[in-house]
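Next, two complexes with subunit A in common: one pairs it with subunit B, the other with subunit C.
Then we have the complex of A and B:
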């Protein structure tokens, strides 16, 4: 039973990195397509559109962070795996879920907002500051998910 | 159509939209004294007018739009809805050319889904299997009408109907709101035009049945009855449709109605300026460019023919940007 506990804990950690990472990869890819289109017509916008492209990439980093914390907690990284009950393993899995799910969904929505903001910068480059705020707003929810996942993981053991 | 398929292309279009002509630019063009002054302004906007006639540079600008689309869109068949009328125009031209037995220069239109050479070969050899399925029946019928009756107006009516039906089918099957709206507007405009012309020339019901194309927003049965009853009945019928605001333009003149149709289309596609996904912003750009070319052509021909500014202004379309 203790092995199954460990399995679920690792599943949660890997899932957070995997799912949020997929979301970010898709998101940065979408931003990249828009950025490439923007640069084809106006190469001087490189720095501005690069920042907008990268915004949906943070969810992948948060997922990785959660995976590190969870794997450290259960000893996979460090002194060797600890023994976990099934309950504790499932708790780790549940604790990682906010980052995995919210990370994935927020990355896609942030990407859409970034793409729209790149269009805004193309039309009005002077509005870059404001255009960055719109995708940044979506980031709030990824940060909230990150926070709750960290608190939950730290509360298990 | 996948939402994310056109992100790159739409971003480029957003930048291109910056160089579309604005209302103020058209006002500037209208206040020019000569065509030369107009071309100087257009050159500032990146138009290649140097040593070219208006027809040449307008055609060059249209070609620029399509080559941009070809560069960005892998499968150009998404734009077939804009090209079907050119196919059917080429079919009409080929049949007339074969009927007359002499070559008519510059009669065929480029940017069609079927090569005009193939259309001409199909008509010359009377082998309509060379044409796409959607054109075969039309070609056969139109060929028979012209060769048996010599009635080119009837042939035009038949081909126009098939053309609109192909366009309408393509729009509705595209599952894209913009294409569906475009198809609906095109068919509605054609039906209203047929109704008005038929009422004025007292065409029989057999002609109306042949000319009207079914669509979602007009009741063809009611429009047929109204057309037979006269102009006022058509206005009364339109009063209860989504096109009641067209009545004033229809009453004014055919060109005012044409202008109303183009403005309505611009109103319908304008939200695409804020849509960063799908093929719709690209299609809207193509339509906006066509609208722009039409407006510049009106101004230039007005200048060439010495029309007063007020007369030109009356025909001016609203711009996309």
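Then we have the complex of A and C:
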């Protein structure tokens, strides 16, 4: 049974990158569609809508970050895998969950906010500063999840 | 550090000087002009309506822009990628005046270009139409008479198409009853066959009926000569049209040297339009006009003396009345002024409010630096912005401030990168182990957030507490400035005491210190004082937070609800954990890139090549993503956590009557 420990740890690490990555991919995709639409009306907004499109992309990066920290902690990246008890392996899995789940959901909601902000910038380009803020509000929760995942992973071994 | 004090300016002058005075004001660009609304029944003073003239200027501006676009299509203007940073070209008044005299000629050239372009487009349309004709003649090419030929005195000729592909045998079979028949196939395609049939006049009708029944149709093309000849003729036509296009193109290209004057024309008309918009705002009698506006105090005397020396004029400068809300001009030192646009995109300071830009600048660069937190990236950013600033001297003011902001942010990032020991992630360590087999590493000045995230978290939140307290102090200062010391005490100082003492109480518990790894809990008399202060300030909040309500019961309830606001301070402080998260994101992804780079290849040279490639691409990407994150989240911390404590905004930006040109900037002297 104990050899499953490593498996669960890897599952957690990969899961964080996987699920949060899917969320960001969907999110950036949604943003991109809205941005492309906005450009048909006003091509000079390219830089602004591009930034808004990219905002839901950070969850995928946070997922990658967690995956990397976890994988290097258990030695998959680096000096060779350490042996983990089942308990430790499951702990890794649990530690990665916040980033995976919150990352996924917040990316989607941030994307919706980004799409709305793109519409705002299209109508009122001078409101760009504020429009950037609404998606950033959603991201707060991804950051909090990232934080808990980092702290939890650091505490296991 | 603040905003400039404003004065009200009133100008009364003769109408004959109106143009000169307005142009003077426009060039100076320091006066904002208010609209003077007049009573419609006013006998002496009237507002004039110049909508029509303005529409005319708009038309000319659009035409000029159009001409410039056309010119760009035929003779591309050589421009560097960063040339737009250079801003508008400076020009003297003399040059401008010289242009003004010849502007009609320039406009004629603009119209000429537009006409030429129209002819080109017409020719193009004609060419594609002709090409379609040639295409349609293609199936009839083998015919040596006109496809519309109907027959001679004794014969009937049917030239046309039949559906499907057919052979000559099929045709003779079809028309067997109408002999003598001469039939031949001109061309065969998959879905239709072009045929030629000749019968005697007598058989003609019958043959036609049979052909018709089989789907025969006369050709849609019309030509007097044989199709091949017709095609040649049409091709000559196309050539002629193309030659014409070429002449037109050359003609347009010859105007390439006039590009600058077109730009100037566009600017000139923009200025005129602006001027006419201002004239509408004036109130005018038969011979005089009155202008009302705002001017910054520091410019007021200068503009008064200039105008009075040049014109027969009455200029009145006075303080704005207390009810007025004059527009805002920021005035900050070199350190804070780059951040004015950040404040501006939140809101301009409202009436009686302090400009928060300077207090924000104390934190802005620091927060940005901690989030970006990589010495390598900081250096890149600093060097890039410094080069841009040095190279593009004529950059527009707003752009310059934006670049300068990133320059300062870059310096801060460099600093915090060194403090936390991050250089392109962990470049020194990776290079040393991969290529030199040593364990060389540059140690952080303080500690590495990677190794001790908990310490970094505590540091982030501590900085957050300082930031929030600074916001509350600003609230206090703002209230004091407006004479509401009591409000400042209740909404600012009480909260500092309450939050501060709560933190001290937390620090005296073993539980809390255990979590943050902060060593022994504080003990002695301090925690006891803290408890006392916390209770007193909490009581203070309960008693004062609802002070607007007259009803004492309601007041207490509101006060209790106000105390509940302490939870928002908790979430505000936790929000600063993003400093840790974003800082780690930069560093860790940087390290991932480095270790990916070090993985490829067996021998050192291959390794080095791949390492350099992966290093460059990876770090550029990481740089771009994280600079965006740092910028967005620094703004968020400033807007929500900091401004939320004291800043409402709601003011109006100073919008002077000036030359809002696109290409040229007219210099005073």
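Criterion: the second predicted complex is superposed on the first by the 157 of 157 C-alpha atoms of A that agree within 3 Å, B and C clash if a C-alpha of one lies under 4 Å from a C-alpha of the other, contacts with A are read in each partner's own complex, and residues count from 1 in each chain.
Note that in this section contacts are C-beta pairs under 8 Å (C-beta built on N, C-alpha and C of every residue); 3 or more make two chains touch, one makes a residue touch a chain.
Please read all numbers here as calculations on a predicted model, not as lab measurements.
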item	value
Room on subunit A for both subunit B and subunit C (clash or fit)	fit
Subunit A-centred angle between subunit C and subunit B, computed on Cα centres after superposition, in steps of 10 °	60
First (subunit B), second (subunit C), both or neither touched by A:140	second
Partner chain in contact with A:107 - subunit B first, subunit C second, else both or neither	neither
Of subunit C and subunit B, partner touching more subunit A residues	C
Touching partner for A:132 - first (subunit B), second (subunit C), both, neither	second
Which superposed partner A:19 touches (first subunit B, second subunit C, both, neither)	neither
Which superposed partner A:76 touches (first subunit B, second subunit C, both, neither)	neither
Nearest-approach distance, in Å, of subunit C Cα atoms to those of subunit B in the combined model	8
Set intersection of subunit A contacts, subunit C complex versus subunit B complex	none
Residues of subunit B that touch subunit A when the two form their complex	4, 7-12, 14-18, 274, 276-277
In the complex with subunit C, residue positions of subunit A that touch it	51, 54-55, 57-58, 61-62, 64-65, 68-69, 77-78, 126-130, 132-133, 136-137, 139-140, 143-144, 146-147, 150-151, 154
Subunit A residues within the subunit B interface of the complex	30, 33-38, 40-42, 112, 115-116, 118-119, 122-123
Subunit A partner contacts - residues on subunit C that touch it in the complex	342, 344-346, 453-454, 457, 574-575, 577-578, 580-582, 584-585, 588-589, 591-592, 595, 625, 628-629, 632-633, 635-636, 639-640
